[in-house]
Every structure is written in structure tokens, then in C-alpha cells.
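Presented sequentially are two complexes of subunit A, the first with subunit B as partner and the second with subunit C.
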Partner chain A sequence: MAQDLGSAMAMLADPVLLLVMLASAIYGLFIGAIPGLTATLATALLVPFAFFLDPLPAIASIITMSAVAIFAGDLPSALVRMPGTPASAAYTEDAYRLTRAGQGARVLGVGLVGSAIGGIAGALILIVAAPLLAEVALRFTSYEYFWVAVLGLTASVIISRGSQVKGAIALLLGMFLSTVGIDIALGYERFTFGSTALLQGISFIPAMIGLFGLSEVLRIVMDPAARGARVRLNTKGMFRDTFRTLWRYRKGMASGTAIGGAIGALPGAGGDVAAWVSYAVAKNTAKEGHLFGRGKGHIEPIVAAGSSNNSALASAYVPSLVFGIPGDTITAILIGVLLVKGVEPGPALFSGQTPMLYAIYLTFILANLLLIPLGYAAIRGGGHLLRMPPAVLVPMIVAFCVVGSYAINNGNLEIVVMLLMGVLGYLLERGGFPLAPMVLGLVLGPIVEKNFMQSVIKTNWDLSQFLTRPISAILMTTTLLVLAWPLLRPLFRRRTADPVTRLE
Partner chain B sequence: MTGPAAGSEAGPGAGAGPGAGPGAGSGPGSGSRAGQGRERPGLGDVIGGGLAAGLGVAVILYARGFPSLPGGAPGPALFPSIIGALLAAFGLVLVVRWVRRDRTARPAVDPGEPGAPGERGEPGESVERASIPSRTAWTNAAAILGSVVLYLLVAGILGFAITITLLLFGLMWRLGARPVVAAAAAIGTTALIYLLFQVVLLVPLPTGPFG
Partner chain C sequence: MITTQRPLRLMALALTAGLALTGCGAGGGQAGKAGAGGECDKAPNYPRGPVQLIVPWAAGGGTDSVARFFGTELSKALGEQVNVVNRTGGGGVIGHTAIAGGRPDGSTIGLATVEISMLHWQGLTRLDYRRLTPVAQVNADAAGITVRSDAPWKDAKDLVAEAKESPGELTASGTGRGGIWDLARAGTLLEAGAGADAIRWVPSEGAAPALQELVAGGIDISFASLVENRTMIAEGRVKPLAVMAPKRDPKFPEVPTLKEQGYDFETAAWRGIVGPAGMQQNIVDELSCHLDKIAHGPAYKSFLDKTGFGMQWRDAAAFGEFMKAQDAEKGRLMKAAGLAR
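What follows is the complex of A and B.
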């Protein structure tokens, strides 16, 4: 163990890796701080670069970038009342009101240190939970992998925000797109319409760039947001104040971190859902919950939800690394990239490549420590990051989408895929169809099909194995429970829901 | 107000009401079942549902031409057919819901507004910020898509550097940047992209008449 940790440290000491992490952090700070640009968009634009890196720097770069971006989203929340990323949306109102009341530095200090602590706590959850789950996962065969993937798909629909029917349609659309190309059972060409370019299937990275990059800029120009006024911050004594506040609300921070850790590990739910739930829990349990989001705002939800979203970010790697089932859109993109590079995440990572695993753990901790000085600089710099006019920013992103897609295969087909997926992503969002289930469908669709086909061909269509193997049975029951959840939920909730329904 | 993503129908357990704002759909209990009864399905529902159903049927019909496994068991057609059937079913649900919608109900969200922004819910998702895009917005979006198409057509002839500089300039100008700013930013961005992709990542970008 000590020896593995030593070799992991040696892997991290690589100057290229450290440089990649630093550059990714600055990039994440920049994208996260600009309202309208999400951490997922940042990931999509980062992917062409990650594609050229070795697996460890690629993973490290995405980890660092997203950890920083999620904090940076707090900056415009506090300064101009616009969440920089959706993960900050839950407590934007409180952050802005407190800033107006002259407490901006405290808000951002709490956001910053809370994020770092939440991120490290999430990493600890990962370090403890992942190897335990991997023990189980090592006993998995194609049957269990089939069920785990189905469970992931089901959960992503049930917890998708917005209508679940629309979530299901988005998921199925992603799964359908994943069937394009050579089929796993017979090598038959499906939905290629004679095009040799489509034999390999729809190119994943350009699809992500379109879905989260181009569609996002379309949304920005179609629905331009108003810009708020700028506020000055006084950062004197910020850290002392921050630590005092965090200590005072340490219970809120602990529960926020725990909630984030649990929600992040669910497939399809990321930092934004974690932040909303933590906010709701804090509001219901805090003595001063009635003050949240009104008057001068309240710092407690920022402590809870701000640590929650970073914790969720880290724990999303639990199912990603153990089963290859992504915990949120960022890890979905990461897994897609690793698969394209021929690296298959799974329990083997935990038995074979231990130094690599420790290096990933250390990356998390390093990334969250790096967050503090960079975040402090950003707070000192105040709103400068927000000054980038959209008229300049939007074309820049478009150019990066185009060249990034091209770079994957030096071909124009990838640009076409990016363009079409960009338009599709925009239209889906506009119609209220969530994109997260669609990405999961794209990544998990082939896994579901491959494991199903392998299983049935192996046993000559003896389906009973799916039901009678012990782990299979447990996973199937869990899937059924998740599916039944929307039907069961009103039973638990009737008392609170009814008055509202009647009123409206 | 930055209401919780207008009419957010709920994350897990969010029924406790993360809704801090007084938005129409943000009250406690806007959990999915309770919420769906209230919220009027918008145009996006019927169009999206119809298209999904159509795609589902088309996929099933097309997949009938796929070969089966030796012994007659379904092979390549199995998954596409299941996906197609479910797409058709869920698509129909949306259409039926729209047809039977309660016309008197107050729409919780503007029909055009994404009912719930999911993973990427956005800045100042206020209910008030209505979202019927202006004509400028449409032309701007068209300009963005058009410039990608133009790049595809022209980059092979003019080369990467010239094409992307011109497109960047045009697009920035169109979106309202001052010409001087646009020119400087266009050249700077092109140089940055060239440096990152051609020099660092060794991607052979299309060269133009000047090499």
C-alpha cells in the first residue's frame, strides 16, 4: 500500500501532469465564472485535448477543471445574481442578497472553502466506497453488468429533472443513436444507409461537443440574459470570517456533503440536483430556514449546498470507476472518451492498476487544494471574469467547437455530426427534454446490448439466468423499485402535495 | 428572481420545495406526479412526442429487414425494435397528454421555455424572462449555424487561418461587437487555436493557398 502510494506520488510529480492540471483549473475558473457556460460545456470543449492525453492526465484535467468550475459558478451568483453553472442556482438568491448587504467576501469565501472541503470529502467517499463496491463488481458477469447498466438508465430517467416521459424519450433517443453502426451479435450494419463513415457509429466526442457546446451558444443567442450591476468586494479578513461561519454551520456542511455524496453516486444526477436537495434539506431543518432566499439572504444554505455540489462531483466517480456507469454528465463524457481511447473503467482498475487508482484519488485532493489559491485570486479579481462580452465569447466557442470536432479524426464528418447534434440538443432543451439521460443512453446503450447478447448467446436464450443469479436478482429488484418510485412517491407525500394541487 | 428552474418538477426528494422564489411552479409538492397534472403541456410536447413516436415506428419497420441469429432468435433487430417500441409508446403519451390537456390550467412555464432545464438549467431562469426569441435572435442563431456550414465549404479552399478569422470577425460583428474589438479578437482567437491544435496537439489543420 505504502509502496503503491509512493508510485502514485511519483506519477503525480510529472511536470506535464501538473501543468495540465493548472491549465485546466484556470480554464475551469474562466468558464465557470461566465454565466451561461456550464461545467458540462467546459468538459465538452476540453475533450478534444483530453483525447490526445494519456488516461491519467486526461482524467486529472477533467477532475480539476470541473472542481474549479463548480466553485467559479458562485462568483456571478453573488455578483450579478446569475449562476455561473446550474450547480450554483439553488443558492444564487441568498448569495446575491448577502452580497448586496455587504457580505460578498464572506459568501464567496464560504463558497470557496466549502467547495474545497466538500470536494475532499467527496473524494474520501470515493476512496472508501469504490474499493468496497469493486469487491462486489469483481464477481460480476455479463448478467450483472446488464442489470447495472439497466439500473443506471432507469435511475437517470426517474431522477431527471422535468417530465419523466420526456426524460425517457431523451434516453431512448440516445440509445437509438448508439445502435448506429456495426452490430455486436452478427456484425450487421445498422442504420448506416450504406455510408461507410457511419460504420463505426456516431462519433461520440463531436456528438458531445455539439450537444453541450454548440447547443449552449444557440441558447445564449436565442435567449440573451440581462446583465446585472457590478459589486465591489472587500476581502479583508475573509478567511477568518469564512472559517468561523463554516464552524458555526458545521452540521449543515456535514449533511450537505453527505447528501452530495449520495446523490452524486446516482447515475444522471450531478452537482445541480445535489445542491437543490441540500438547499431543501437545510431549509427544512435549520432554525432560520424561513429566512433563506429572502430579505438579506442567509449564509447557511450556501454552506450546505456549496459543499454539496462539489462533493457530488467527486462521488460521481464511484459508479464511473467501479462499474463504468457514469454518475453525471461530466463523468459520462469522461467514460465516453476513455472508451474511445480503449480504456475500459471497471473493477479491474481496483485489483490491477493500484498506483493509477491512487493517483486518481490524489488528483482529487490536489485539485481541491489548488482551488483555494486560484479561487481566492478570482474573488480578489472580482467581476473581471464576467466582463467578457457575449458578442466575442460566442463566436470563440463556436470556433473551438468546429476545430475541436475536426481534431478528433481530421475530418469534416465530425464537424457535421457536431452541427447536427448541436441543433438537436438545442431543440430538445427548448422542448423541455433533458439532455443528461440522452448522454447516458449513448454511453450505456451499447453496454446494455453487449452484455445482454453475450449472456443469451452463451446460454442459448436461457433467460432465467437474468433472474436467478443472486446479484442479478438484487439488481433487478432495485431496478423495479426505482421504476415504481414515481407511483409510490405520492403515497409518502400526499399530505404536503394536496393543498397545493387544489389551490392551483 | 432566480426561481428554482421555473417549474422544476423535482429532483429526488426535492418535493420538500427548494422553491425559494414565488414562481408559479416552484411551490412545495411540485413533485412529478402532482406537477404533471397541473402543468399544461406545451407545443414542444406534442411536436417532440409526435416526432418520437414517428421515429419509433420507422425504427421498428426498418429493423424488420435485419437478419436474425442462426436458429431464428432475434439478433441485430432486437434492441432497435425494443427502443423503437418504447419511443413510440412514450411519444404517444406526450401527444395524448397534449390533446387531453386542461385548457383552463395556468401554464406553469412558458410553453417555449424548457420546462426544466435539467443538468444545464441556466442563468436567471426567471419565469418573467419570457422567451419568445426576437427576430435578431433568430438571425443570430442562423448566422452561427451558417458560419459552421460555411467553414465546411470554404476551409478546404482558403485554409483554416483565413476562413476562421473571417468567420470569427463576421460573427462577432453580427453579434454586436465593435469592428476593432471584433478584428482583434478574431485574430487572437485564430492564433490561439492554431497554437493549441496545430503546434501543441499536432493536428493538421487545413492549409490554404499560402501554405
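What follows is the complex of A and C.
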């Protein structure tokens, strides 16, 4: 252990790695601070660069960038009432109202330090939980993997914001697209229409770059959002004020971090869901809950939800590293990059490549420490960060989208997939369909199918194995509980009023 | 105002740094011209620019590592940059099609694999060996039969006897349906006079996941090459019963061939350098000459020792004959096993 930690430290001491982390952090700050550009988009745009890096710097760049981007999303949320990333959306109203009341520096300071603490706590959850789960994962065969993937699919629909019917439609659309190409089990062509290029199927990385990247471009071009006025921030005494606030609401922060950690670890739910749930819990447990989102706003939900989204970000790596099943959209892209780099996520990572694993852990902690000085600089820079003119921004994003898609397989089909998915993503979002379930469908669809087919072929269609194996039975029960959650929820309604559907 | 401009400038810096990185990645590896000329320089005007070496399989895999080895060595020999380009998907169709579609001037070559002689019989493409120019075969790994250490069979005969007695009870894996190791299974059974489905095939994404299933008890047999199973063989978790080669593998001298056990069947996954159809003879000669030196040099030997892959050299003419024979043989076998469409 100590020896592995030592070699992990040595891996981190590489100046190239540190430079990559710094550059990614600044990039994350920039993308996160621009309303509408999400941390997922930033990750998708990072793909072409990640392809040219060694495995560890590639992972480190994605980790650092996303940690910083999630905080940076608080900036436009406080300054112009536009969440920089969906993960900030839960507490935008409070942040903006407080800023208007002259407390902007306090809001952002709390957001910054809360994010860093939440992020480090999430990393600790990852460090403790991942190896334990990896032990269990070693006993997984195709039946168990089938259920984990089904659980991820179910959770992505039930927890998704907005209409669950639309979530389910998006999911099925994603699963349908994942069937294009050679079928995994028996080698038949499906939906290829005689085209050789389509035999490879719809690769999910270009699909995601299109869904999240190009669709944003279309949105910016179609309805150019009015930029808010410049707000002045007085950062004098910010940190003292921040720590005093955090200490006062330490319980809220602890519960936010814990909720974030738990939700992030579910396959298919990430920082934005964690923030919404933490907000709801804080509102229902706080004495001043009735003041949240009204009048001058309230700082407590920012403490809770702000630490929650960063904590979820780290714990999303638990299912990703242990099962190779993404915890959120960011880790879905990361898994793709890892596979290209020859690092196979799964239980073997925990027995074989321990120094690599520790290096990933340490990267999380380092990234969250890096967040504080950079975030402080960004708060000082304040409103200027939001003033990137679309005429500069949009062509740059399009260029990154095209390069990123091509880099996956050096082929043109990927660019076409990216373009079509961009249009589809734009239309779906306009229609109120969430995109995350669609991505999960694309990623998990083949996993569900492959493991189902392997299982039934192994046993000659004896389906009882899916129900009677102990781990299978537990996973199936969990899936059913998640599925029944909308029916059970009214029973809890008194205690946990649901801001999710109300705000939608 | 100067201070407030800083974040923007930092961002610009970060972006430029990123772009510069990409540039380095794409342009790196420029080799000197020192290696050009010499006895292998049979095409004086070749190469005129960077050569791309297409790999039909993913980065990080076995075929990729072979391609990257030859890419590096060829780059030194030709005195020109050789870029390894992975074109994956469609069970190898995409990459092989990309090789065949290149210009036949030697600027596009590729590492073809045994699948070129199988894919068109499966009906996945019309592409076959006739649309490629053979340059040289560099490797072959024979199929094997590997079972769990506690399995009741002590040789291939025992195993086949049980498969004949209760057809469809045993399960095996190693590749997808209709893949090379599935053919090894079918070929062994047909040779032994059993039904082609006497052992059922469980599709997997390759030898590694199949090995995990084998150890976990999900399947009974892996037909993958012994080198792909060597970690678990070394640990004693699984035992090899046979190797489907003309003679024993020097790395596993105690494992008898299938022929020694009375079944005259052999098959292997092979890899070789090819170009698009219609390549000029002198370019083929030049490449083949360089590859001959590389494949028989010390660097390749230590590469093979490290990775466990098997050496198999065939020059352009022999490799062409071999691909033709393979195509016919695979077609016969796949039709007999019901895998052709």
C-alpha cells in the first residue's frame, strides 16, 4: 500500500501532468462559466486532446477540468441568473438573489470552498468504497452485469429531471441507436442498409459530442441569449466570511456531501441530480427552509447543493472504475477514452494496476486543491469571464466537435454521426426530452444485450439464473424499488417536497 | 483594467497550449532520412511522403502492438514517417476495407488478419484477399484447447468423447460467433466426427473475457491461443489440453498437438502486412526486403519473447499463396459448420 502510494506520487510528480492539470483547470473554468456550456460538453471537447496524452494525464485532465467546471457554473448563476452548468441550476435563484442583495462574494466564496470540500469528501468515498465494491465485482458474471446495467438504465429514467415518459423515450432512442451494426452475440448485421461504414455501429463518443456540443452551438445560434449586466463583487474579507458561513451550516454541508456521494455512485445519475436532491433535503430540514429561493435568497442551499454536486462528481467514478459502467455522462466519455488508451475499467484495475489507481485518487484531491486559487482568481475576474463573444466561441466549439469525432476512429462516419446527433439533440432538448438517458441507452444498451445473450446461451434459455443467484436477486430487487419509486414517493411527499418537478 | 483582462489571456494561453499539443502528437516521430538507400532500396522513388499503416483492430490490443512494432521499425528502415492508424469496427471489415481503398502507391499499407479470409463467407462484406496485395506474413498463433484445472478431461480425446456422448452440454468461448476460435471449435469437432454443435459456442468479446468466464465457471472450454491464456496457465488455474499447430509450441513444450492426439486439424490466427490491390512490384519488393530484415532481427525476437506471440514468416509470393489457400479452407469449414451465409 505505502509502496503503491509512493509510486503513485512519483507518477504525479511529472511536470507534464501538472501542466496538463493546470491547463485543463483553466479550460474548465472558462467553459463552466459560460452559461449553457456544460461540464459534459467540456469533457467531450477535451477528447481530441486526451487522445494524444498518456493514460494518466488524459484521466487527470478530465477529472480536473470537470471539478473546476462544476464550480465555475456557479459564477454566471450568481451574476446573471443563468446556471453555467446544469449542476448549478438547483440553487441559481438563491445565488442570484443574494448577489443582488450585495452578498455576491459570500455566495461565490461558499460555492468555491464548499465545492472543494465536497470534491475531496467525494474522493474519499471513492477511495474507500471502490476497492470494497471491486471485491464483490470479482464474483460478477454475465447475470450480475446484466442487472447492474438494467439498474443504471432504470435510475437514469426515474431520476431524470422533467417528464419520466420523455426520459424513457430518450432512453429507448439511445438503446435503439446502439443496435446499429453487427449484433454482438450472433454476428448478424442490423440497420446497416448494406453500408460498410455502418457495420461499426454508432460509436457513443461522437454521438455524445454531437448531443451535448453541437446542439449547444445550434441553441446559441438559434436564440442568442441576452448577456446580463456587469455585477461588481467586493471580495474583501471573502474567505473569513465564507468559513464562518460554512461552519454555521456545517450540518447542511455534511448531508449535501453525503447525498452527493450516494447519488453519484448510482450508475446513471450525476452532479445535477445530486444538487436537486440536496436542495430538496435542505429545504425540508432547515429551520429557514421557507426563505429558500425567495426574497433575498438564502445561503444554506448553496452550501448543501454546492458541495453535493462536486461530491457526486467524484463518487460517479465508483461504478465507472469498478464495473466499467458510467456513473454519469462525464464518466461515460472517460470510459471511452480509457478503453482507447488500453486501460480496461473493471475489477482487474484494482488487483493489477494499483499505482495507477492511487494516482487517479490523488488527482482528485489535487484537482480540488487547485480549484481554490483558480476559483478565487475567477471570482476576482467576475463578470468579464462571461463576456466571450459568441462569434469567437461558436466556431471554436464546432472545430473541436469535428476534430474530436474524427480522432476516435480516423473515419468520416463519426463526423456524420456527430452532426446528425447535434441536430437531434437540439430538437430533443427543445421538446423537453432529457439527453442523459439517451446517452445511457447508447452506452448501456450493448452491455445489457451482450450479457443477456451470453447468459441465455450459457444455460440454454434457463432464465431462473437471473433471479436465483444471490447478487442477481439483490440487484433485481434494487431495480424494482427504483422503478416503484414514483409510486412510493407520494407517501414521503410531506417530508420531501419535490422541487424537481415543480421547477421544470 | 489590466488585471481584469488576465483571465481571458490565461484562457487563450491554455487553448494555444492545447492546440500545440495536438500538433506535436500528429507531427511527432519524424524519422531521419538516414535509413533510406541500401540493398533494399528497390523502388528509388519510394516513399515520397509519410506512409500510413492501417490496423483493423483497436489500440492497445495484440494486433495493434504488432502493427506499432513494425510501424516503428519500418519508419527507421524507410527513413520516412510511418503512422499507425486504427480503423476499428464491423469485426475487422472497416479496417480491411480502408486498406483496400487506399492508393496502391505504397503510401497506404495495413496489417491484415485472418478475418480477411472469413468475413466475406459470413456475408458481412464482399471484400476478400483478391483486393489486397500481399507483402509479408509476420506472425501466427495457433488455436488451443484450455479447460479449468479441476476439469475431468486429461486430453482432447476425453473432451471430444464427452461432447459426442452428450452433445450440446459443454460450452466454449474465445471470440464472437463465427470468429476464428469458433472455427477452431467447429473444425475440431467435425474432424472428430462429432456434430459441429456438439459443444455450444458462447459469444464473447475476445479471449480475455472468455478466460474470465472459464475461471469463474461460466463456460467449460476456451479455444483461444495458448498465449492469450498464458497468465492463468502459469497460475495453474487452467490447463491446456492441445495446440492446433503442425508441431508443439516451444513456449508450451509439454502441450501435445491435436494431430498427436489423432485429430488432423490445425488452425491459427495470423497477421501480415498488405497493401491495396495493384501495388507496383518494386515497392512490394522494397517493403518485403525491409520486413524480412526486421522480422529476423533481434528486436522482433525480444518483442515476441515479451508478448508471447508466435513467429511465422512468409514472403510476398508465399503469403499470397497462403491467403488464397486460407480463403478456400475457411470457406469449406464455415459452410460445413453452418457459419457461412
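Keep this in mind: the second predicted complex is superposed on the first by the 480 of 504 C-alpha atoms of A that agree within 3 Å, B and C clash if a C-alpha of one lies under 4 Å from a C-alpha of the other, contacts with A are read in each partner's own complex, and residues count from 1 in each chain.
To be clear about the criterion, a residue touches a chain if its C-beta (ideal position, glycine included) is under 8 Å from a C-beta of that chain, and two chains touch if they have at least 3 such contacts.
Treat the numbers as computed from the prediction; the structure is a model and nothing was measured.
Undergrad: Which holds for A:Asn410: it touches subunit B only (first), subunit C only (second), both, or neither?
TA: So A:Asn410 meets both subunit B and subunit C here.
Undergrad: Report for A:Lys458: first if it touches subunit B alone, second if subunit C alone, otherwise both or neither.
TA: second
Undergrad: Should A:Thr354 be classified as contacting the first partner (subunit B), the second (subunit C), both, or neither?
TA: So A:Thr354 meets neither subunit B nor subunit C here.
Undergrad: Which partner does A:Glu429 contact after superposing on A: first (subunit B), second (subunit C), both, neither?
TA: first
Undergrad: Identify the partner contact of A:Ala89: answer first if only subunit B is touched, second if only subunit C is, both if each is, neither if none is.
TA: Once the two structures are laid over each other on A, A:Ala89 reaches subunit B alone.
Undergrad: With the two complexes superposed on chain A, say which partner A:Pro35 touches: subunit B (first), subunit C (second), both, or neither.
TA: After superposing on A, A:Pro35 lies in contact with subunit B but is clear of subunit C.
Undergrad: Which touches a greater number of subunit A residues, subunit B or subunit C?
TA: Ranking subunit B and subunit C by residues of subunit A touched puts B first.
Undergrad: For A:Ala185 in the superposed arrangement: first (subunit B), second (subunit C), both or neither?
TA: both
Undergrad: May I ask you to decide whether A:Phe49 touches subunit B, subunit C, both, or neither, giving the answer as first, second, both or neither?
TA: Touch status of A:Phe49: both partners.
Undergrad: State whether A:Leu339 touches subunit B only (first), subunit C only (second), both chains, or neither.
TA: After superposition on chain A, A:Leu339 lies in contact with subunit C alone.
Undergrad: Jot down the residues of subunit A that show up as touching in both complexes, subunit B in one and subunit C in the other.
TA: In the superposed arrangement, which is not itself an observed complex, subunit A uses residues 48-49, 52, 185-186, 396, 403, 410, 453, 457 for both subunit B and subunit C.
Undergrad: What does subunit A use to touch subunit C in their complex?
TA: 19, 23, 26-27, 29-30, 48-49, 51-53, 139, 141-142, 181-182, 184-187, 189, 196-197, 199-201, 203, 339-342, 377-378, 380-381, 384-385, 388, 396, 403, 409-411, 450, 453-454, 457-458, 460
Undergrad: Over in the complex, which subunit C residues touch subunit A? Could you list them?
TA: 3-8, 10-11, 13-15, 17-18, 21-22, 24-26, 58-61, 85-91, 93-94, 97-98, 122-125, 168, 171, 176-178, 200-205, 213, 216, 218-219
Undergrad: Show which residues of subunit B lie in contact with subunit A when the two form their complex.
TA: Residues of subunit B touching subunit A: 1-2, 4-5, 8-18, 20-21, 27-34, 36-38, 42, 44-45, 47-49, 52, 55-56, 59, 62-63, 66-67, 69, 73, 75-76, 78-80, 83-84, 86-87, 90-91, 93-94, 97, 105-106, 109, 112-125, 129, 131, 133, 137-138, 140-141, 144-145, 147-149, 151-152, 156, 160, 164, 167-168, 171-172, 175-177, 181-182, 185-186, 189-190, 193, 196-197, 201, 203-205.
Undergrad: Please give the residue numbers of subunit A that touch subunit B in the complex, ascending.
TA: 35-36, 38, 40-41, 48-49, 52, 76, 81-84, 86, 89-90, 92-94, 96, 159-166, 168-169, 172-173, 175-176, 179, 183, 185-186, 188, 190-191, 212, 214, 216-219, 221-226, 263, 266, 269-270, 272-273, 276-277, 279-281, 283-284, 292-294, 328-329, 389-392, 394-396, 398-403, 406-407, 410, 412, 415-416, 418-419, 422-423, 428-436, 445, 448-449, 452-453, 456-457, 461, 486, 489-490, 493, 496-501, 504
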